[in-house]
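All remarks here apply to the structure that follows.
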Amino acid sequence: MTPLAGYLLLSAFLFAIGLAGALTRRNAIIVLIGIELMLNAANLNFIAFWRYGPNPEELTGIMFVIFSIAVAAAEAAVGLALIIAIYRHYKTTNMDEINSLKG
Amino acid sequence: MLGTGIIKGMAETARNFLGSYVSREHLTTVQYPEERSPQIENARQFPFLVFDGDDPIKGLRCVACQICEKECPPKCIYIVKSKDKRVDYKGQSQFYPARFDIDLSVCMSCQICVEVCPFESIKMDTAYELSTTDRFGGLMADKHQLAKSNEHYRHIHPTDAALSDAALAVEVAKAKAVAEAKAKAAITTTVSPQPVAAT
Amino acid sequence: MNLPFAIIAAVIVAAATAAMTLRNLVHSSLAVAVAFGGLALAYLYLDAQFVGLTQILVYVGAVAILIVFAVLLTRGGEPPEKCIFSATWFWGLLITVAVFATLAWCVMHSFASRRDPSDKVEVTVKQIGDALMTKFVLPLEVIGLLLTAALIGAVIIAMREEKK
Amino acid sequence: MTDSLDQIFVTLKHWLLSGLDDLLKWLEVAPPGWSMPLVSIVLSLAPILMVFPALFAITTVLERKGLGRIQNRYGPNRVGPFGFLQFAADGIKALIKEDLVPRAADKVVHFIAPVILVITAFTVYAVLPFGRNMVAADLDAGLLFFFAVGAASELAVFMAGWSSRNKYALLGAMRAIAQMVSYEIPLILSSVAVVMITGTLSLTKIVEAQSTHAGLLPDWFVFTPWGFMGFTLFMIAANAELNRSPFDLPEGESEIIAGYFIEYSGFKFALFFLSEYLSMFALSGLGITLFLGGWNAPFAALDFIPSWAWFFAKLLALIFLFIWTRGTLPRLRQDQLMNLAWKFMIPMVLVNLVAAALWHFTGPGWMRWLTSGALVVGAYMLLGKPQFESKDIGKRTYRFAD
């Protein structure tokens, strides 16, 4: 197995862990953490492909990851703000209990 | 402008910092065990008992009237009145304290005992290094420890001592006058018929 | 496969698994910070110095802190409820296994995974900066706008509503 | 001679390395390929691990003595000559004290927090240039490394505060994090001005960019309008980042006793203390590198003094500045703290970036002094006025009980 496959498998496994967390946990914050992990798994893929790609001097992979990190930061800020707003309304962060659109 | 106050403050602290190396005035503290700052005259720590003459116990001015014991807010004074009487400094026959204990660990240095004492016999001392290894027994002072001479009082609080001496002198004078008057009266009552009889 | 990669991979997987399974939310957020740090190490190991350090600065320094704050603001630091997994955990796990199986199958059978590493390139920060200011200037501006909008949005959402 | 003195530590390291190599050859031992770089790293790190804790020990005594003099008293003067062995007494006391851990505490997190804090405090020294050719890791993104590792310490602060299960600790940690996050922005942005001018994140190259002399003054960035303002803002932000007075709300002893390390005692408490001082030296070192010309001598005539001596002289001067500030300014209130960060520091630092850009594009001459200087001074007056001038509380009056 080449190193690239190792990184890709690691990335896939990390994605799976994040997905499992997002799908099975009750707490909204843990779901958000799972989503962050999935984003990071994608970033790892970009870097691995950039490093093992045919023309690394192009910097495309690095650029994508930089933008992706910026987007993830924005996403985390908005997501957590939403969770706090929801908590203020429902007094819970349990996803199973947040089940009505009407306040 | 913003920041001028900060610069002013920094200048002030810099003056303190540098000044502490050149002048003693910038150092308000003293190196305690080696040097002590002089005590002001009105310093007061804990009470002591004044005695006159040479014998600390016989010369005690205290007559065990127990006013201070009653007035003491934290109740740290314990007095046992003597059964017999003896001649006091005024020449009167008085009771004296068989026991006079002050628990200095309880005393709060309020000076009320001094205020109420009619005999100028309890005063405030200036000794403050009373630390001891025995917390209860070590700070329980009996009359032997509490007795200090009037010279000591004059030494630590000259102004107050002068006042109290003057007051005492008046008292003594009054007592003497009373005694003399009494003596005269006694003489006149007992002796006067005789001249009459003589004449 | 070599030793540093194995260590980094083990750290990432262990920390991510811990983050997804631990009961205490604060422990989860600390574990995910470790996972982010491990990923930063992986980037550094892949010669992407700038990205690795940015990962630490943004994820460990900002996102993890944000998560921790959210946990405390929602009283998540207290002992959790009885069951931490949702009612549909079985289906979620099934989907996850299916996704991972597909991905792994693709990785193992793709031509890309048999590729040899290219020659090592020195990517200086200056190159990245030049690229950001010339070729990628439009995405950069868009990201700047997005971040500003997200910041304002987050503040407005999280702001306590005025009681009328 | 001067060159050899300047490079004495570098030469010593090379000499040790080659000596070890010769010894191995003589013993006919073939070490694995990674061992020699490892020895080299250890040789680079060992001085850092020895010098800065020693400096910490000396600084604790100097700080107490300096604060004492500022407050019209002597400070420690009993242990050893002039009290300079006070640190040894304190250290022994910290070591033999009982290590208390609250029963409700999260034991693992409680234990790890000070360790992480000290490790991050030490790690940032890797990229600081202490002298000519004296830097442990000459990273291309050295400045980014410094801030990235520094940001990780915030998590350690949170861990310490949360794991203690103490409301004061948690309050202190929340305050500390809010403060550190707020002041990290002006801290980073004030250094970005330097990065804009030099065009590099490498700290060695930033020092090299300041090694020339223009007329009487050296080409240090602090001698430019934007550089002076940047340095001032950097030091204020650094002061806040370090939780030092007047920004010591996270450990304000009058309200939350000791903040996030209230439940630590003995050696772990000493670790907190150590990391605080190490961060202070590191941030001072960064300020020197960015604005005060790093290890460069101020005048070409003074080049015979070794570069590392200049670095440490400047470091001591900045440490004294920190102590002086601590002895002067009273603690801020929480709202004043946040107002200062968001309403003064951040707009000011953004204006400073524009001023640096103006300086760069106006080209040499008096024009750039005028434009850049006018911008900085104007913004300072304008931003400083509404916040801090309008609330003139007047002379303090006293009322006594009748």
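The first chain written gets the first letter, and so on, giving A, B, C and D; residue counts start at 1 in each chain.
Here, contacts are C-beta pairs under 8 Å (C-beta built on N, C-alpha and C of every residue); 3 or more make two chains touch, one makes a residue touch a chain.
Computed from a prediction, not measured in an experiment: that's the story for all the values here.
Undergrad: Can you check which chain pair, C-D or B-D, has more C-beta pairs in contact?
TA: More C-beta contacts join the chains of C-D.
Undergrad: Any idea how many Å lie between the Cα centroids of chain A and chain B?
TA: Between these chains, centre-to-centre, one finds 82 Å.
Undergrad: CA centre of chain C versus CA centre of chain D: separation in Å?
TA: That gives a centre separation of 29 Å.
Undergrad: At what distance in angstrom does the C-alpha mean of chain D lie from that of chain B?
TA: The answer is 59 Å.
Undergrad: By residue number and range, which residues of chain A touch two or more other chains?
TA: none
Undergrad: Could you list the positions in chain C whose residues touch two or more of the other chains?
TA: 50, 54, 62, 69
Undergrad: Using the touch rule from the top of the page, what residues of chain B touch 2 or more other chains?
TA: Residues of chain B touching two or more partner chains: there are none.
Undergrad: Among all the chains shown, which pairs meet the touch rule set out at the top?
TA: Inter-chain contacts occur between A-C, B-D, C-D.
Undergrad: So in the complex, the part of chain C that touches chain A is made up of which residues?
TA: Listed in rising order, the residues are 1-2, 5, 9, 12-13, 16-17, 19-20, 25, 28-29, 32, 35-36, 39, 42-43, 46-48, 50-51, 54-55, 58-59, 62-63, 66-67, 69-71, 73-74, 76, 80-81, 83-89, 91-93, 95-97, 99-100, 103-104, 107-108, 112-118, 121, 123, 127-128, 131-132, 136, 139-140, 143, 146-147, 150-151, 153-155, 157-158, 160.
Undergrad: Can you tell me which positions in chain B touch chain D when the two form their complex?
TA: Listed in rising order, the residues are 1-3, 6, 9-10, 12-14, 16-17, 20-21, 26-29, 31.
Undergrad: Would you tell me which residues of chain D are touching chain B in their complex?
TA: Those in contact with chain B are residues 66, 69-74, 324-325, 327-329, 344, 380-381, 384-385, 387-389.
Undergrad: For chain A, which residues count as touching chain C in their complex?
TA: Listed in rising order, the residues of chain A that touch chain C are 1-10, 12-27, 29-30, 32-34, 36-37, 40, 43-44, 47-57, 59, 61-63, 65-67, 69-78, 80-85, 87-88, 93-96.
Undergrad: Quick one: which bits of chain D touch chain C in the complex? Just the residue numbers, please.
TA: 109, 139-141, 144-145, 147-152, 154-155, 158-159, 162, 170, 174, 177, 181, 184, 199-202
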